[in-house]
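The structure under discussion appears below in the form of structure tokens.
Labels A, B, C, D and E are assigned to the chains in the order they are written; within every chain, residues are numbered from 1.
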Amino acid sequence: MSAVNIRNVSKAFNEGKPNQVDALRDVNLEVQQGEFVSLIGPSGCGKSTLLRLIANLLEPSSGEVSVNGKSAVQARLDQDYGMAFQQAGLFDWRTVRKNIELPLELKGWEKPDRRARADEMLQLVQLPEFGDHYPWQLSGGMQQRIAIARALAAHPPLLLMDEPFGALDEMTREYMQGELLRICAATGTTVVFVTHSIPEAVYLSNRVVVMSPRPGRITKVVDVALGADRTEDTRNRTPFFEAITAVREGLRGMHAAHVGMGNDDR
Amino acid sequence: MIALARRAAYRTAMFLVALALVVVIWETYKALGPVDGGKLLGVRILPRTSEYAMPHVWDMFSRFGRPEVRGSDRTVFASVLSGAWFSFRLSVAGFVLGGVIGVGLAVVMARFKLVQRGVLPYLVVSQTVPLIALAPLVVSWGGKLEVGPLVWPRWLSASVLGAFLAFFPIAVGTLRGLAAAPAASVELMQSYAASWSKTLVKLKFPTAIPYMVPAFRLGASASVIGVVVAEISTGLKGGIGRLIIEYAREATGDPAKVYTAIFGAAALGLTMAGVVVAVDVFVMRNRPKESIT
Amino acid sequence: GGSDDEAADDVAEETVEESTDEAAADTCTTPTPVKLQLQWFIQAQFAGFFAAQDQGFYADQCLDVTIVEGGVDIVPQTELANGNVDFAISWVSKALASREAGADIVNIAQVFQRSGTLQVSFKDKNITSPEDFAGKKIGNWGFGNEFEIFAALTKAGLDPAADVTLVQQQFDMVGLLSGDIDAAEAMTYNEYAQVLEAVNPATGALYTADDFNVVSYEEAGVGMLQDAIWASGERLASDAAYADTAAKFVAASLQGWAYCRDNVEACRDIVLAKGSKLGASHQLWQMNEVNKLIWPASSGVGYIDEAAWNRTATLSQETKNLEGGTVLTAAPDAGAYTNDIVTKALDILAGLGVDTSGSSYAPIDVTLNEGGN
Amino acid sequence: MNKFGGSLGTWLGKVLPAVVFGALFLGFWEWAVKFFELKPYFLTAPSAIWEQFVKNFPLIRGAATVSGTNALVGLVAGTVLGVAMSFVLSRFKFLNQIITPLAVALNAVPIFVLVAVLNNMYSITSEVPRRIMVALVVYFIVLVNVARGLTQVSSTHVELMRSYAASDVAILRKVRIPNAIPFLFVSLKIAAPAAVITAFVSEYFGGSQNGLGSRISSNIANSKNAAGWAYVLGACLLGLLFYSFSVVMEGLNRKGRAR
Amino acid sequence: MSAVNIRNVSKAFNEGKPNQVDALRDVNLEVQQGEFVSLIGPSGCGKSTLLRLIANLLEPSSGEVSVNGKSAVQARLDQDYGMAFQQAGLFDWRTVRKNIELPLELKGWEKPDRRARADEMLQLVQLPEFGDHYPWQLSGGMQQRIAIARALAAHPPLLLMDEPFGALDEMTREYMQGELLRICAATGTTVVFVTHSIPEAVYLSNRVVVMSPRPGRITKVVDVALGADRTEDTRNRTPFFEAITAVREGLRGMHAAHVGMGNDDR
């Protein structure tokens, strides 16, 4: 059973109206259990849309999405996945611990259980002493770690992440990448990860999916042969640079055309 | 542009629906509600439905067509219209005066932190001084002012009182707006070695506009309130405030009539707000939609 | 002093009357500008002044009079003391309070000889004298018009702060008619008429005088002097021209009042033409009732009667208001009124052959229409 | 110790200019009255006002209690209604489209003219019309702000909740309401002084003569300007009290929140 | 004469107060005419502070800054430099052309001259047809190009840029890097450039200055041996990867320590 299975999925916004946008067309993608797949592509190519379809926050216009062998709706209702966004999206009025507890609260967990799990998660993201702080008392990097802890709190088998490290500086970002890999390895979590950074995509992923816009399609899938165990040194190895070059090439052509049109998106 | 017109039309329609709904509720309550109102623990919480308390809506509107006093060919409608127009002009004068004072104060306060700390608390206090206490003072002092051939016209007192209410939201909003320029833009101007006044004109005022517009909207209605109260208070003739009190005196015999003046006041307030909104749309036409709040 | 360019003043202009009398033009090249401050809006209460303006009596005295309307919060005597106007109409007790606060103003003519204040109540409340006010909701207008009520209460041995509930009336009499107020303050010439112009829902016809009990403060012995003409004391003393103008002004004004005594309907029309919003029958009623307060005037119209003056002054010192204060803390000094001016004015009028005592005065009968129309 | 000294210093730096300015203003006023020999019926000196304030303090306090109670009752009622209505409106789009333009329109109108109407509806001897008046003014301020707080939630938060398969009620409780609370306090900061002012203005049209508004006009009409302004001082203090209260409430709420 | 000369500069904020921050300590740096120097380092290490000192938006606590042989103040008054920030910082209420004209306006240029120069600049950043648009009608990348045009409008010999491409997606960013190199080569402009991205710093610079925080110091200067002519292929060459590795190594040590303390800045 694959973790995510996307078959012939198309998605159009404002269908039938003059301002229709074909966000995705005929997308097929299968993600295996425990796999780490990154989506990369220019702005507006439908990465976030694809992630939202998997999360069942959007319905496809046509085609099918299944998660863990069930329909996407069912998977959402069962909370088979955790989600993290570019903005950490923590609730300012809740302590860090209460933020992590939120999905458990909604699942109806008992208070002691929630607390225990939240503490476990704080340990996992190496911020055990910050449970009673408020999010705004934390740095951006720490907030992002809390958001990941929240996404992982219910031990979902699948993690959906939309540019979670976009707001961090490069150093903190590389550190967080290492942490994410460590956590996912420890829990065996499947990850679908959206990013704009080629090195990030390559460093993290088993496969990098390159997309192109108008309409959003998958144009290339780059397998990354870096093995399971990635350290800081991985970034200095030849397969790393090779994969980077491959992804860049996949993106190059479309970008040149794109900028030439004088309407690259923000 | 077409989208704008369509939205305006839709809003107007919605507004009319809302008004119709109010009329229906009014008349339904009048028909079904207890004549002496509803009391709870001895306190009347539901209004009475007598003619004095709730005249029929059509009675109110029929008064518009009647002559103002018997035998005169001037209708109530004409009176209300001219009263509203008179008060409108005073309100505009008060609004402009309040705007100038408010913006001026805001600029000085933005320039000198010390002034801001010294003055701002008293601006808040000033707004709690009831107009009724100020009205006679303004009239008396105004009457004393005489610069050469210029004498203080009586209507100016009303406009000044309008300005007294209008300047406050304008000063506060503008002050906030002037502080809203992004630090990076301020640094940019510094890097151009731009003077304070250049920075004010080229950066701070433009960034303040989104804050100033709602402030001006508040200021506009405040100015109307000031003018109407002042008209009543100082006995200034010709405006809607005066009409309200004159018609109110007739309420013993004709309870519906005073509503015509109230409607006039409502129209006046809406017109003032409308003017500000129109100016807003014009000024902001070249700005991204999000920055309009 | 008064300025001669009212033309610049949009609003005041409406009340400026061009001098139309050719006879005056011979002797009078530049009329003296005069500003008169009323204490309320245009209505027949001030008909004499408008009549004097309309009939050219002021022009005859070589005066160019501008009449300034009052407002809720305008204190006429303050306007006078500040020099914004030359003369003001004010009730005596209120003006004396201003004088005590430092306003140098002098009563130069007592137009109304009697008090026109009533307390009106429905028959079934059985309020026939101030003693009956006890425990009742008593309406008043505030703004200094309430002292006769306090005086009556005090005289009846009641404490205004404790024994009655005082309610400030709106500008209408709805509070009385809806039963919210047990007894409402009313002027004979105005609010009382309003009540009689309203439809009795029980009968479908207008209320009649039989429906109400009326307590008259004049009759209760606590009437205080009301509309009087006030002038600046300092200018009277130092400025002979002003004193002269004052006499002429009082003379022409009283001539206007005499005209209104004899031409009730014409004066109604003058007031209506000035833009009063009150209806014709109401204005006629008011004209008639005001005449009753002025005429007959045994010592000559405008003459200040010492007994009435003293009563007013005494009541002003003894009557405690809600806050426990009195209008005056001490007796007014002798300079607070003078009969010199009015005497001169009466001389002028005698020269013109005007009847200034109205000994043969008889009121007319007025029928009020619904809404005063 | 050091920290205390520092905070005392900044506190002084903030308050001192206001104190100095206030003192200068009063000093100038007092001086002007003396120097130009302004008569008390024209402008009274601050010292005379203060004297009257002290002398009449029990009366002023009584009147302030009456007006303050009206303002408070109206403020509370208006707030409760405004919050309740904003819940309803955020739930039912259509109602929102009908009510909002009406609210905006009424906001532009000098609604105090309704006091006379309300007095006739509810009886002039009752405090209810005044309280309704205050409530009405407060209601619209609160409604507009809180409704904005309920709807202007971060889309990330809403998507997150949907990813938890959370119900609308859960989203309301966990996202919308907490998000709207700062908006509520901001609106209270505007509404509190407005409530006091409206309470005075409502007394203007008649009714029981026990509040600050009626005392002020009655004293001034009787040329007791110093006493009148002593009541004005009471009015200012009442307004400040309400304003400070709302600022304190906002400050309390802000503790434990960002910014 | 060097374009920028920083001698023994220290900068402390809130000096003498309990919350004093030593933003920079004993910094020495000389930038030659026509050189492209990047500043890189973890958040809070004082990169922006250093740039502001050069721009004379801040005064050093001690030490000296000279620009083009004059004092920094004089250089600012003479407008010897142009400045660009992470956010394009265009004025929404001015058209694109009027935005570019702003520094010229403040210099008191005549209208026709301003217009001519603005058009020239629009040409340079390859957006000639957008002069009458408003900034918000442009994509992020285009806005950034306008901001650069504005910074260059007065033909300043020195360009100071604080993370100007931080807000762009990686593809647009790489494109903009190429544009910037092209423009600077065409005009012979000296550039001091702040960035968080190692590949960006390496790709653009003649020298990369690595800084470390608390207090801000220069810890390493990496010379980039990539020659003057850089193309897309430069990114696939070994010296590129070598320089990247060198910079990363320069940053590594301090960052580990930094995160370990659990208080990385935002």
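Here is the rule we go by: a residue touches a chain if its C-beta (ideal position, glycine included) is under 8 Å from a C-beta of that chain, and two chains touch if they have at least 3 such contacts.
Small disclaimer: the values here were computed from a predicted structure and weren't measured.
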Legend entry - Between C-D and B-E, the pair joined by more C-beta contacts: C-D
Legend entry - Chain of greatest Cα-centre distance to subunit C: A
Inset, instruction - State, to the nearest whole Å, the distance from the C-alpha centre of subunit D to the C-alpha centre of subunit E. - result: 50
Legend entry - CA centroid of subunit C to CA centroid of subunit D, Å: 40
Legend entry - Whole-Å gap separating subunit A and subunit E, where each centre is the average of the chain's CA atoms: 32
Legend entry - Numbers and ranges of subunit C residues touching at least 2 other chains: 72-73, 75, 78, 82, 170-171, 174, 178
Legend entry - Residues within subunit D bordering two or more other chains: 42, 116, 120, 123, 126, 217, 220
Inset, instruction - Please name which positions on subunit A make contact with subunit D in the complex. - result: 52, 55, 57, 76-77, 79, 81-83, 85, 87, 89, 91-93, 102-103, 105-107, 134-136
Legend entry - subunit D-touching residues of subunit B, taken from the complex the two chains share: 11, 14-15, 17-19, 21-22, 37, 43-45, 47-48, 52-54, 114-115, 117-122, 124-125, 127-133, 136-137, 140, 217, 220-221, 224-225, 228-229, 232, 244, 248, 251, 255, 258-259, 261-262, 265-266, 268-270, 272-273
Legend entry - Touching residues (chain side subunit C, partner subunit B) in the complex: 3, 5, 8-12, 14, 40-41, 68-75, 78-79, 82-85, 170-174, 177-178, 191, 194-195, 197-199, 201, 272, 275-280, 370-373
Legend entry - Complex interface listing, subunit D residues touching subunit C: 39-42, 56, 59, 116, 119-120, 123-126, 203, 205-209, 214-215, 217-218, 220-225, 227
Legend entry - Contacting residues of subunit D [partner subunit A, same complex]: 154, 156-157, 159-166, 170, 174-175, 178, 181, 256-259
